[in-house]
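As C-alpha cells, here come the structures.
In the two complexes below, chain A is the common chain; its partner is chain B in one and chain C in the other.
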Partner chain A sequence: MAPSRLGHVMRRLDPHPGEWIDRSLPLGFTFEGREYHGFSGDTISSALAAEGVTYLARSFKYHRPRSILSFANHDSNVLLCVDGVPNVRGDVTPLIAGMRIEAVNTHGGLALDKARILDYLGRFLPVGFYYKAFHSRRYFAYWERLFRRMTGLGQVSLHAVRRATPKRYGFCDVLVIGAGPSGVAAALAAARAGASVTLVDEGMRCGGSAVSHAPLQKLIDEVYQSASISVRPQTEASGCYADHWVALVDRVRLTKMRAKAVVFATGVIEQPAVFRNNDLPGVMLATAALALLSRHRVSPGRRIVMIAANLEAYEACLALSAQGIRVEAIIDLRSQQEALDADAEMQNCAALGMEILHSHAPYRAIAGPDGAVCGLDYGPLDPNLRVDSRKLRRISCDALLMSVGWAAAAQLLQQCGGKTRFCDSLQQFIPDELPTGTFAAGRMNGVYEIAARIADGERAGALAAAHAGHGRAGDAPVPRSTRRPSHRFPIIDHPAARNFVDFDEDLQVKDLENAIQEGFDSSELLKRYSTVGMGPSQGKHSHMNALRILARARGISPGELGLTTARPMYHPVPMKYLAGRSFHIERRTPLDSDHAAIGAVWMPAGNWRRPEYYARTGENREQSVAAEVRAVRNAVGLIDVGTLGKIEVYGAQAGIFLDRVYAGRLADLRVGMTRYGLMLDESGVIVDDGVVARLGQEAFYFTTTTGGSATVFRELLRLNAQWGLDCALVNVTGHRAAVNFAGPLSRDILQPLCNVDLSEAAFPYLALREACVAGIAARLLRVGFVGELGYEIHVPAGRAHELWQALMEAGRTLGLRAFGVEAQRVLRLEKGHLIVGQDTDGLTDPIEANAMWAVGMKKPFFIGQRSLKILAARGPRQLLVGIEISAAGRLPRECHLLIRDGEIAGRVTSILRSQTLGKAIGLAMVVPELAASAGELAIRGEGGEMIAAKIVPTPFYDPQLLRQKAVTAA
Partner chain B sequence: MKLMVCPLNGPRAITEFAYGGAVRPMPDPDSCSDAEWSDYVFNRAGSPGIKREWWCHIASGYWFIAERDTARDIVVGTFPPGARDAPA
Partner chain C sequence: MNQLTLQLMNERARVGCKGPRAAEWLSGQGLAIPAGPNSYSFAPDAYGGLVLARLGSSEFFLEHDAAGDTLRRVAAGIATWPPGVYPVLREDCGWLLSGVAAEAMLAEVCSVDFAALDLSARPVIMTLMVGVAVLIVPLSGASDRQYRIWCDPTYGSSLGETLQRVIVECGGAYLGVTA
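Up next is the complex of A and B:
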C-alpha cells in the first residue's frame, strides 16, 4: 500500500475487540478554535491524532513541532490549556464533550508559530544559557524582559475561582503501586493472605502497558471481584514519605494513605533512541503506538519503520501487524548474535515481509513538507556505536517507532529510602536495599517475562502481607531476566545535532557534552547546569540517556555515577491539592458576644481575640482609651481576663512542686492568700509570671500569661513526670472565665452581690475567697495589677455572661466602664508593672528586670536558681528602668534606641502618654551605668529626631501602693 | 509523616507529639562548678546517633521518653517516664 500523501498522518481504524473507546458516544471539542470529534474513552491526544492533527504542541526552547511521544503521562511537550486551566497533559487527560483546548508556547498558533525561528538561532542558545546571559548585571534587565515575554508554558489566570479541595486520609495493610502484571499479582497474593489491599495505577485501567494476555486478564477479573482489594485507577502515587505514608493523587483530590507495607510494582519507562530529528511528529515510542492502536484504534501510520534494540521491538511489530498495520523495516542496533533472544520473533517478522537490518542505526529522520516524519536515513553501526555517514541509505515511512530500552521507575522507591544499583547485564538500575516493609516486583525489579512478573508479584504481595501481620511468606526470589531489554548506548552522534536527549528542555547530545566539558561532570551537577531532567517529566525519558552520555565521556559505567536524587512529587500535582485551608486558630472567651454588644474593637492576643477598647459614638480611639482609664482610676472598670492561663495543682507535694517551678517562695503561702510568681528557665531567664493562690493545704490555683498558657502547662507536666512528686496538674483555662473588677468603687458595688464580707479586715489585699457572686460560685482574688482596689472574679465559663451582666448592671449608674487591653496597658504602666515578653526578652533575668523581690534565693532549689547565682556574681548587662518624657510632640516607639555620647545605651520597651500623670511614661532596658546615673538622656525617634527623656523611679503612680491596698478607702 | 508509639496511646502520627528536649541528668547545683553548670544548661550533643529525649503526646498531655537514632531517622523505642528512664 503506497502512502496516499507524503508525510505522517494518523487515523481512526475500524472497531476491534477490546478497544477502550465507545463509538456510540461521540464527543465534540475545539482545538485552537477548530471543531473536532472524538469518542468517549479517548484522551485529548488520541482524539486529536485520530482526527489527523499533526502538531499538538511547540517545544519549550526551539519551538519545534511536537506530537505524541510516550502516550504514558510523560508527553510533557503536549501540555495544553483546557477551558482556561493550564498544564493539562494531552496524553492522559480523558476527553470531555465541549472542551475548549488551546496550545501553549506559540506566537500565532501551532502551525505558524513566529517563534519557530528560534530553531534556526539555536547556536546562540548554548547550554547553561541563563547562567551565561545573566552573568552580567548590565544586561540583566534586558534579558529578563525578553525571557518573561518569550518563555513559559501557558498562563496562570489571576481570576481563577478559588476552590477548596479537601484531602482524604486512607489506611490499608498493603498498598500496591502499579497495576501491571506484577502489581495485580501482588494485590491478589496479599489479599489471599488476609490483608486489606489498595491497588493504585496512573492508567485508566488495570494491566499496565502489557498487551492482551489471557492469564493476566483472569487475574484482573479476580482483583475486581476481591472484597479486600480497593482498586484505584487514574491515581498517581506521587510521593513516598516516612513510615509508608504515600500521597495518592487522583483527578479530584489528594489522599494521604498510610499503609503497613508497600509493594512497588511501578514498572519501567520506555526510553527514546537519540538521533537527529528524533522529535519529529510521527516519531514515537513503540509502547505509545501500541496503546494508541489497541486502546483507541488510532493507526500510528501506514508505513512504519521500527528502531529496535530488544525483544519487545519484535513483539510490537508482530502486534501491529496482527492489527493490520504494515511494518516496512526493523533497524536493529544489535548484531544478529546479540539479538538471538528474539530469534523466533525475528523469523516471524521476516516471514511477514519486514526487512530486518542488524547492526544498523538511525542517522537522521527526514521531515516532510508538513514538518512530520516522512523518512529515515540509516547506516551501519560500527563497534564504537557511530554511524558511518558515507554509507547511509534512505527509507520512506510515515511513522518511526522506537523500542531500544527501559528505565526503572524507581523514583518512589528512592523517595522512601530504597537504594538502587546498576545491573550491567540488564543495563538497568534495580533495587538493591529496600527499607523495612517495602517490596519491589516486576520489571522495575529486573523481571521481564510475563509469567515471571506474575510470580514476582505474588512473592512481593505475600511478603508485604506477612509484614503487615497477615500470613507467612518465604523469600524465594524470582530470578531476574538474563536477556538484555535495554541497549547500552542508543545514542547516535550527528554533527548538526538536533538529536534530543531531553524533549522537555530541548537538550541535545552536544549540550550535555559541552556541559561536561565545562566541568559539570557529575550526574547532579550535569542536571543542574544543563537542566536535563528538570522539566515537567522530571527526567523520565531523559535521565538514563543523559547518564549514558556522561558515563561515555568519563569512560565509566552509569552505575558508577548513580541516579540523581528523586524527590516528590513523581508527577506534577495541582497546587490546590496541596494548599491548606488558610485555617487559623482564634480563641474567644465566653464573654465574646458581651464585648461585641458594647462596641469592642478587637485585637489579637496570643491565639485569642480580645477587646482593644470599646468604641463609643462621639469618641475616637484615644478618647475611649482615656475614658476607660479614668473610669478605673476614679470609679470602677471591668475587664475580661479570661485569656489568662489557669491551672490547678493538687497533692501532698503541690507546694514543693510550685517552690521548684516558681522563683519565689510559695510552700509557705497561707491558705486563702495569693502571691505573685515569676517563672524562670534553667538559664535564669524570665519565661512567665502570674498569681498563685492557695485554695487549701494540698490545693493551689494559679494563672499564667495569655500567650504562655499552653507551653507553660506542657512544661509543668513534663517536670512533674520527671520529678515524680506527689501532685497532679489540671489545666482549667477553658473551664473558667475571669474578670478584673477594679476601681475605688469596686468594693461598694460588689458587696451587695456577694455573700462574703469584703471589708478590708475580712478580705485584705492579696487574699483569696471562695464566694458566691450574683448567685454564681466564684473565686475572688484581691489583686493590684492596675493599681486600684480590685477583685479578680473567676467563675465557671458557662456562668460568665450572667456575671458580666450582673456587674455591668450594678455599676451602670456609678460610672462603670468596660475597659480593654489598651487601657489596661496604660494602667499597668502607670504602676511600672512589666509584661513578660514585652518588657523582657529571651535573655532577661530577674536581676535585669528589677524583679528580685519576687525571687527566693534562699530556697533549696528552683529552676534557674543556680544560673542566677552566676549572673548575680557577674553583675547585670542591662537594667529595666522607668523613663519619662515631659515635652509634647511625637513620642518614640517601642524598640527605639537610647543614645548616650553617640553610642547605643538601651532601648524603649514600653511607652505611652499617661493622662493621669500628664506626661509620657515608659520602661526602658538600659546599660547599668545609665540606670545608676538617673540623668537626662536622648531617644532616637521615628525619622531620627532626638527626644529628651529622663530616668525616674517606678511606680509612676501611687508609689506607696495606698490605693490598691485600699488604705485610703473608707 | 512519621509514626511514633506513645506508651499510653499506641502508634500516632508525629504531628500529635511535641518534642521536649534531650533527657539530661542535672548536676548537683550545690556542688558543681560554674563551668559544669553552664555546660549542662547550654551545651547539647548534636552528633548523629541514639538520642534519649522527652516527647509529649499533646492531646493527652502524656510525657514519655523516646530513643531516636538520628543517623538512621528511626524511633528505636519509647518508654514511660519510670525510675529506669527518667533521671530525678
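Up next is the complex of A and C:
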C-alpha cells in the first residue's frame, strides 16, 4: 500500500526563472508500487515531494516515518531501493524515467510497516541495551538474527549483476573542492595565475546554496568560459589522502586525483534544532526548503513556522514569502538583543506579517493523523535554555523549518592532516593548521558574508596557484564574520524524549546523557558506545549537537572536547567504484600456448597460471596424473618450470654476497656446479629455497620458489644496497624460460639435440653446463627434484617454444609425456622433498624441517645464523617427518591434525596416494617426542574419523638416490 | 589521424646490460649515453632510430629495429663479459601506443601524468600499469606523442588483453603487430 497523502501540502509551484527542472520532459516512475510523475531535473525526493507524498522512509531503529531533512546528502532519512539497488539517496539521485522505487527497512511496506511498533517500545531499548542484555552465548545467535532482521538498511541482492566501472587517474595544478562562492572565486583566481584547475562539487551546478546572487552568477559564467578550469558537477570528493591525493567519485567512475595544491571550499552543513518530534515529516532544514523551492519549484508547505537562531533564518523567510509562501511565525531562540545582526531582515519580516518571538523555543512538534507535522508547541526560554512548559502556546503549521546553526564541513580537510579549533564567537570549528599546499576558504573558514566569501576564495586560489608554481600571492587574511551564525545550544529537553540528535541511529538527547552518565564521557567514547555519528551520514547533522550535549554535561566548551577522527569515505561510495574495472593480471610462461595445444587443464599458482595436468581423451584427471607420473618414472617427462624465480648475480664479491644471504656455503662452489640453497630470515625461519649455479668466477645463477621470486629479489636488492658489496643483481625470471626434462630416457633423448657431452663422467649429478640445445643457447642444470635422471634447461623466453617442440618431437616415439603440477607434486613427495610454504610455515626453521644439512653453521655470517644458534640450543618444537597410510579409503587432507592420547600432536603438510609405491604417503609436522618414537599415530579425518598412520623415513622412493644420480643408467 | 591505437612491437631487438663500467663500455661502442638517470638517447638511422634508455645510474636498455645490426654487435660484445659490464637478458613484451587520446587512455591504467612530461628531456618512465611493472619511452610523433611500453614477457599477454579492452572502451583500435 502506498503512503498516505494529506491534501498535497507540498506541491509544485508555477514555473520560475532559474528553476532546474525541465517541465517539457515529464518522467514516470513508481514508488511503493504506485505511479508518480516528476520532471527531468528532479531528484527522487523532490519529485515525490512535489507529488505530495508525505513520508518517504522509515527510521533505522524505531521505524518512525521520515521525509526530507537536509535535501543535501547530509542525512540518510531518504534511503531507497531503486531498481533493486539498495540504499540509494533520494535527496540527491536524479530522477530517471521508469525507476521502480521502494522504501528500505520496512516489514510490510512503508505505510503499514509492522516494525513501527518499536516506536512504542523505546523505553525498553535504551542506548547500549544490546551490550547489557544479550551477551549470553546461548542466545546470542538468536538475538543477533532478530536484530539483523528488525534493524538495518537495504538488503544487498546476492544475484545482482556485477557492474565494472572505469577508474581514472587525474592531475591538475589546483583542485578546488566546493563550487560555492568561495570555491568559484578560488578556481578563477588560480586559473588567472596560470594554473590548471579542477573544480568539483556534489551539486548539479555551481553556486552552492547561494543561487540568486548576481555577482556570483557572473563569476560562475566566467568559470565555465575558462579553458583552464575543468568543472565537474555531481562529483564527490570522497577521501583526501597524503600528498594531495583526492578520491573523486562521480556518477560513472572513481578518479584518483593528484593535485599540486588543494583548496577546501567545502562550506558548512546546516544543523537541526533538537526538540521533541523534530523528525516528523514536514520538519526540515531551511536550506532544504529553499533548495526545493528554488531548484525544483516545490513548496515546502502552505503555513510555515521558522525556528530561528541566525540571520539566515530571516533571509529564508523573506525568500519564501517572495514566492508567495506564508510564514506564520518565527520562533527565535535568541533574545532581541542577540538578534540585532538581522535587524533589517527582522523588520522586513515583521512588515510582511510574520510573528517574531524572541527568546522562545520549540517544545514539541505535533503530528497530524497522517504522521506529518501539523503544529508546534513552543514557549519562552529561561536563562538555562530550558522551555517553561507551563507557558506553552500552540501554533498550527504544515511545515516547520529550522535555521539555528552550521557545522564546518571540515572532514576532508581533517582527513589529509588539517587541524581545527573551536571558535567561540562563531560557535564553529574552523581550520587552524593546514598541511602544506592545502588552503581553506569560505564559510568553512568562518567567513560568512557573500562578498567576503568571494574575497576569501580569491585569496586561497591565488595562494594555491602560487604553491603550484603559478604566480605570486600575498596572504592577507579575509576577516572572519563577527556575527554568530550558530546557536550555542539549540537543544531542548523534553521528559518524553523523541528529541532526536542523530536521525540515522534514532538517538535522542537522553540516550547521549545516559551514555555520558555511564562514563563514556569523551567524544570518541561517546561516539562508539552510543553510535552517534556512526550511521550512513557519519555525523554530518549530529556531531556538533552531540558534542554540545557532552560539553554541557561536563561543564566545558565543545572546543575542549574536539572533533572525532574523520576518515574516508566522506559519503558512502558504492563498492563498484572502488573495484573499478577489477583488472586481473595473470602471469603466463612463454609456453602457455604450447600447453593449451595439448590439453592443459589450468590451475592458479600465485599469480601464474600453470597446467595442473594434461587432459587426454579416455582419461579422467586421476588417470592422466598417474600416466604422467609413470612416464617420468619409466620413460621421460617434460614440465614447464619457467615460473621459478631466476636471478643472476655478477661481480667480484658475488660469492660473498650469496654466502650471506643463503644458509649454506656457496662461495666455494666450483664453476660449472650447482648446490641446493636455503634462505632464512633474521629469525631463522625458512623463507625460500632453490638451486644455486656458478656460471663463472664472478657470475652465479640461482632459482627461487615460484611465489618467492619478486620478494626475494626485492630483499636482495635491499641487502646489496645496504652491504655495498661489489656485485650486481639481475632478475631474469620472466625473460628466461625453463623446463625440466626428466626420466631414465632423458639423457638418451637429449644428447642428439645437444652440443655437449651428457655422459655421467662429463656431466655429473648437480653439474651445470652452458650449451646449445636444438640450436638454442641454453643453461643445463642436472638436478633431481622429481627423483630421476633429469635436466633443467633454461633458455631465453623467446626461444622456449622451439625448445619445447624440439624436445616433444624427439621423445614422441619413446613414451615422452608432458606433465603438470599435480604429477610433479606426486614425484617430489615420493622423494620426500619439502615445498617451502606448504611443508613449512611462518615459524619453521631448518632444524624443524630436517634441513640442517643445507646450513653452514661454521660460516662467519649468514642471515638467520644468530637466531638459528639460539633455536638449536632451545631444541625444536616440531619436526617434519614422513608418514604413510596403508589402509584404503578416504585420505586425510593437508592441515588435518595428528592426535596422540587425545591431544593434538601435529598436522599433515602434504599427503597423496602414490601409484608407484602403492600406498598413501605424506609429510607431517609433529611434536619431537612423536618423531623420535617412529610409531603409530592417528589422523583425524574430514568427518572426524581417526585414520591410522605411521611415521617412516624419507625419501619414500629411491632412498639411495641412485636414479637421479643415474647410477643404474651409468 | 587515429584517436588512439595500440600496436604490438615484439619484433624489435632488445639488449640490456648493467654494471659499474657499463656506461663507459657502451660509450666506447659509439653510442650516445644519456647524461642523467631515467632518460634516453635517440640515434636516428635508416631503421627508424635506436633508443638507449638509462635505467637508474648503471643499467641500460637498448632497442632497435630487428633489421639493424647495431644491437647484434652490442650483444655480442656484452657476451664477452667485459670487466664491470654484466649482461641483462631482455625479452620484454612491447607495445606502441599512439594517438591524440593516448594520455587519456594512459590515465585509466597508470598513475603518471604523461601529459605533463617534458619530452625534450627525453624521460624514461618506470612505473606500474594495472599493477604490472612497465618501462615507458615517450617519443614525439609527427602529430602526436607515441609511447613505447615494455614489460616482463610473462605479463605480456594478460597486460596486452587488458590494454586492448581499455583501448576499445576509449574508442581506440588494436592494430596487432607493427608493420
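By our rule, the second predicted complex is superposed on the first by the 587 of 970 C-alpha atoms of A that agree within 3 Å, B and C clash if a C-alpha of one lies under 4 Å from a C-alpha of the other, contacts with A are read in each partner's own complex, and residues count from 1 in each chain.
By our rule, a residue touches a chain if its C-beta (ideal position, glycine included) is under 8 Å from a C-beta of that chain, and two chains touch if they have at least 3 such contacts.
Nothing here was measured: the structure is a model prediction, and the numbers come from that model.
Colleague: Would you sort A:Ala728 into first (chain B), second (chain C), both or neither based on which partner it touches?
Modeller: The answer is second: A:Ala728 touches chain C but not chain B.
Colleague: Should A:Glu942 be classified as contacting the first partner (chain B), the second (chain C), both, or neither?
Modeller: neither
Colleague: One more residue to check, A:Arg581. First (chain B), second (chain C), both or neither?
Modeller: Touch status of A:Arg581: second partner only.
Colleague: Where does A:Gln865 make contact in the superposed view: on chain B (first), on chain C (second), on both, or on neither?
Modeller: A:Gln865 contacts chain B only, not chain C.
Colleague: Output check: A:Glu355 vs chain B and chain C. Expected answer is one of first, second, both, neither. What do you get?
Modeller: A:Glu355 contacts neither chain B nor chain C.
Colleague: With the two complexes superposed on chain A, say which partner A:Arg714 touches: chain B (first), chain C (second), both, or neither.
Modeller: Touch status of A:Arg714: first partner only.
Colleague: Identify the partner contact of A:Asp243: answer first if only chain B is touched, second if only chain C is, both if each is, neither if none is.
Modeller: Touch status of A:Asp243: first partner only.
Colleague: Counting touched residues of chain A, say whether chain B or chain C comes out ahead.
Modeller: C
Colleague: Common interface residues of chain A with chain B and chain C?
Modeller: In chain A, residues 256, 258 are touched by chain B and also by chain C.
Colleague: How about chain A: which of its residues touch chain B in the complex?
Modeller: 241-243, 245, 256, 258, 682-683, 713-715, 717-718, 721-724, 731, 861, 865-867, 870
Colleague: Any idea which chain B residues touch chain A in the complex?
Modeller: So the residues of chain B in touch with chain A come to 1-3, 18, 20, 29, 32, 34, 37-38, 40-42, 54, 56, 58, 61, 63-64, 73, 81, 83, 86-88.
Colleague: Which chain C residues qualify as touching chain A in the complex?
Modeller: Listed in rising order, the residues are 18-20, 58, 81, 86-92, 107-113, 115-116, 130-132, 152-159, 162, 165-166, 169.
Colleague: What residues of chain A sit close enough to touch chain C in their complex?
Modeller: 166-171, 256, 258, 581, 583-590, 592, 608, 642, 648, 650-651, 696, 699, 728, 730, 732-736, 796-798
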